[in-house]
Amino acid sequence: MKLTHESAGTFAIAPTPFHPDGRVDERSIDSMTDFYREVGCNGITVLGIMGEAPKLEAQEAIDIVTRVIRRARDLQIIVGVSAPGFAAMRSLAYAAMDAGAAGVMIAPVPSLRTDDQITTYFRQAVEVVGPDIPWVLQDYPLTLSVQMTPKVIRQIVQESPGCVMLKHEDWPGLEKISTLRGFQKDGSLRPLSILTGNGALFLDFEMERGADGAMTGYAFPDMLVDVVRLSKEGRRDEAHDLFDAHLPLIRYEQQQGVGLAVRKYVMAKRGIIASDAQRKPGSSLSAAGKAEVDYLLSRLARRDKRADLATKFATAS
Amino acid sequence: MKLTHESAGTFAIAPTPFHPDGRVDERSIDSMTDFYREVGCNGITVLGIMGEAPKLEAQEAIDIVTRVIRRARDLQIIVGVSAPGFAAMRSLAYAAMDAGAAGVMIAPVPSLRTDDQITTYFRQAVEVVGPDIPWVLQDYPLTLSVQMTPKVIRQIVQESPGCVMLKHEDWPGLEKISTLRGFQKDGSLRPLSILTGNGALFLDFEMERGADGAMTGYAFPDMLVDVVRLSKEGRRDEAHDLFDAHLPLIRYEQQQGVGLAVRKYVMAKRGIIASDAQRKPGSSLSAAGKAEVDYLLSRLARRDKRADLATKFATAS
Amino acid sequence: MKLTHESAGTFAIAPTPFHPDGRVDERSIDSMTDFYREVGCNGITVLGIMGEAPKLEAQEAIDIVTRVIRRARDLQIIVGVSAPGFAAMRSLAYAAMDAGAAGVMIAPVPSLRTDDQITTYFRQAVEVVGPDIPWVLQDYPLTLSVQMTPKVIRQIVQESPGCVMLKHEDWPGLEKISTLRGFQKDGSLRPLSILTGNGALFLDFEMERGADGAMTGYAFPDMLVDVVRLSKEGRRDEAHDLFDAHLPLIRYEQQQGVGLAVRKYVMAKRGIIASDAQRKPGSSLSAAGKAEVDYLLSRLARRDKRADLATKFATAS
Amino acid sequence: MKLTHESAGTFAIAPTPFHPDGRVDERSIDSMTDFYREVGCNGITVLGIMGEAPKLEAQEAIDIVTRVIRRARDLQIIVGVSAPGFAAMRSLAYAAMDAGAAGVMIAPVPSLRTDDQITTYFRQAVEVVGPDIPWVLQDYPLTLSVQMTPKVIRQIVQESPGCVMLKHEDWPGLEKISTLRGFQKDGSLRPLSILTGNGALFLDFEMERGADGAMTGYAFPDMLVDVVRLSKEGRRDEAHDLFDAHLPLIRYEQQQGVGLAVRKYVMAKRGIIASDAQRKPGSSLSAAGKAEVDYLLSRLARRDKRADLATKFATAS
């Protein structure tokens, strides 16, 4: 099913599981995909910034996309196709859609500065991938160093009918969500799904500002699913209670550079993937770092009241 | 008392209180200084990045420094003297020390890139302020976009006997503390006080990695004092329990751009300063933002078990 | 006489002459000012990026401004007031206008990225310096890393009646001049003086695209005066012949970092200032660099057909 | 023949010729390759920054490399393999060497800041492409925003026996060449070929500082060949005379963003390639820009005393 502006809920940003020797770990792709589906994710985003995509051969990337799509059944799969060149972007986008992806995600190249440069870039990208592919606009200034104002985002969306979703991870970004929703109220922006990233660090309030869900790779997507649901049901305190219990780990995982190592370490501990290995060159957790994560996990187990999560974690570790 | 490498504990980064019409609010400088002293801060840092220093006339800046120093009695006062030009840096450093400051703080200018450029810059700065002024090296890549490796920091410290303290706010930075402490163990780095910033977002583990305390402006410096103390006493779980209760607000205050508005809003609510006004041009909290902070404060009041804080907050609000 | 949109011709960017021991060289300020006036400059810009302004004490800066203004008589003096803080900007702007300056020049702070951030910054700056001071908008992306599109420049100019001149040094920038002049033709931009910088590296064509003159610090402002004049008279080949003769040196002086050292070295050789000293910390020319400049000067002397320049140079060297 | 530290002379940076409809123009690849060989180039660099490499499909890139290598016979062909990901870098490097390339060229990724980050990156790159492939280190801060000091370059070279050449295009960079040659004299750096880029803007003095030749894409590589030769023969004035005649055009072509459009326009005018088309998205010359280049070419034809060039240009236009 193609991505639309009504796509919502929790989209897990999937890491790429590797064996310790650097080969892609297909069995872990399957178990990870199963896990995302079972805990209630609505979709999966593959080959994003956290997917170690630049270390994959072109064919490997397509194989992974295909495998996840087949395994995920009714989940919507989004494929990151950001690339320094439009040729590579087009190839991957076509291959992804051929394999059954729901849409693609495009980030701006880091050199863009002025509003005109940004809108021109996306106009060219849309020309390249064609008007029929639904796509997600990624707004991630902290890592990409491209700053898009709400007005620029509105212009991009209005110019491209295929742009149906915003991956929002500006920081700070709460007012940005409010401004965009305001644009929709005053009729100057058409309907747009907004899923939020930033490792979920502000998910509690982002939902209250009008986000449609989360798209991030935090190692407990099951918590994301619940926070999104509780928030939509208006159970504010419960949403915050659950969120706050996870915040110490969310914050720890949010460290740039080492974040992926934390994430894979926790996912391996939980039994979602077999190994926390990254393909070279990768970052890794020091012994002190691992001990800190273990301590955070032990504290989390005490504070998280939901039995299923406690059990799952106990089983997996 | 001059700053030394043994200076430790909690140094509050002080905002500059203004009246709503933009004048410096001297009475609030006094009440804020008293508050810092009463809750157990060991020092105060004025005219830092969060002190709206660039909006102050030269004479205003010196007047504020002088007022805080006189009022703070035995606390150590550090004065931020970072400036685009060495002439302004020297003038302010001399004036600050004349007024009785314990030391000055120097950040690198944003254009520095290579290791050599960075070490040369600090060599020149030390030449300008002279060898007798104790100074704090500020390492804040997220805002200053200058990246100093542990080796570069070691070189700066070894070359300048006056450099007695590191304001550590690299992010992620836990391994950096461990590496610097390792340098001291292997004898390649002389004793150095390390206080950590980043709005306290990682204070819990920074203390465990070897930090000597906190130097940041979080609106509950009384919590910082306690976490630093608990951590030094080895009461790990208690330190984390207290820290975790504050983390939702710490995280909220850490938002770049709007952070100072949050901080002043909370400090005004607590009665530490009279108004949350910023001198123009300043940022401000939207109505939605204020409501979010209020909600976080109400949740914090429930979770923070220490009666004194609860009372203090209740009294102030 | 105040700066207006009709101000045109050649404005020399003046270096600040120092004695070898670092003191301001007042006699050289006088001889340099006399020189600029005698060769036909229409104005002088002081305390610009090449004026070592950040190394000057506040009082020194005002003394220099005052001295140049008195000495220059009927020339229009522009004072660079760019500063990281609005307080310092306002103080210097008021002091400059009190001393008789024709206007001030304001550059954006390096952190600005989006169109909105840029226009907001200048709106605030104008609020600070007031509506009555004529000012020059400096557009210098290579050094300031702020990119202003023609549309953004138009918006700034239209919003501030005091903005009467653009110091154009975008690179490449020929099309930018054409676009801005096009805006004027279609009525969307009011009259605006455009003087070009970039060390004159493109002055030949910038004049043909519609520039009103040059504002740069090339060590032969007498050549700038002539190229501007020849170009305005439609004597294209002559303008290019003269320009091309100087291009090897223009290009050499345009090297970032070492450019000021080249400029002061040549000006000292020509007898315009007494010494090529920079106040610490400064750059300097290596022996090889000096020999290269000497070689370029000897070649220039052969190629420049105008007897007056040849004589002047012969006298000075 | 593999690249060694003795490789020297003029290496043309080749653009990728396209038909106006965007297809690769193979016939022009042949004529361009023939031209480079006939005018005396020692090598050709393909898929560099100016080769529109990111717009090429992977197979297209390999086809172009193969075609140039076969056609160029005894010239050394260097293939740019810089890529955001090591997987793509390795694939292209292997394919290039299999096709008979003399070596590959690697630029740092733009995010690198500290000396350690830079040296680590190249250590990983060498691990990926293997120790047997000779490679060129590209030092281009203006475009790549990575600043490598001479000490960092020395460390990279000393750690990797495969690094036999530096493409020097730091700006300013004359002292850098002198420093590196000084390292060789004091024995701390092994022999290294240094070819200079920057569109040849400083080629005259770079040769005198110790460069082994030019590696750049200026539209008159025949001039580069002659300047390099004259300079090596010690015919200084002749080298500068020839260089200065071209400097107005060199300077014009050096404009970032529009430079490739100028280069292709001139090469098409000279008959070296059939069309100045760029694959989308590309830049193009305005009518005013074309007229300016035409004017510069007409002036160049008058000033360049060498009959062969005059004839060649006359024939081609």
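Chains: A, B, C and D, in written order; residue numbering restarts at 1 for each.
Going forward, contacts are C-beta pairs under 8 Å (C-beta built on N, C-alpha and C of every residue); 3 or more make two chains touch, one makes a residue touch a chain.
Keep in mind the model is a prediction, meaning the values are calculated, not measured.
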Chain C onto chain D, rotation angle from CA fit, given as a multiple of 5 degrees: 180
Centroid-based (C-alpha) most distant chain relative to chain C: A
Rounded Å distance, chain A centre to chain B centre (Cα mean): 34
Chain centre separation (chain B, chain C; CA means) in Å: 40
Rounded Å distance between chain A and chain C, as computed from the means of their C-alpha atoms: 49
Multi-chain contact residues (two or more partners), chain A: none
Chain contact topology (line, ring, star, complete or other): complete
Contacting residues of chain D [partner chain A, same complex]: 53-58, 60, 83-88, 91, 110-111, 120, 124, 127, 280-281
Partner chain D, residues of chain B touching it in the complex: 113-117, 147-149, 151-152
Residues of chain D that touch chain C when the two form their complex: 171-172, 174-175, 178, 201-202, 204-205, 208-209, 240, 244, 247-248, 251-252, 255-258, 286, 288-289, 292, 299
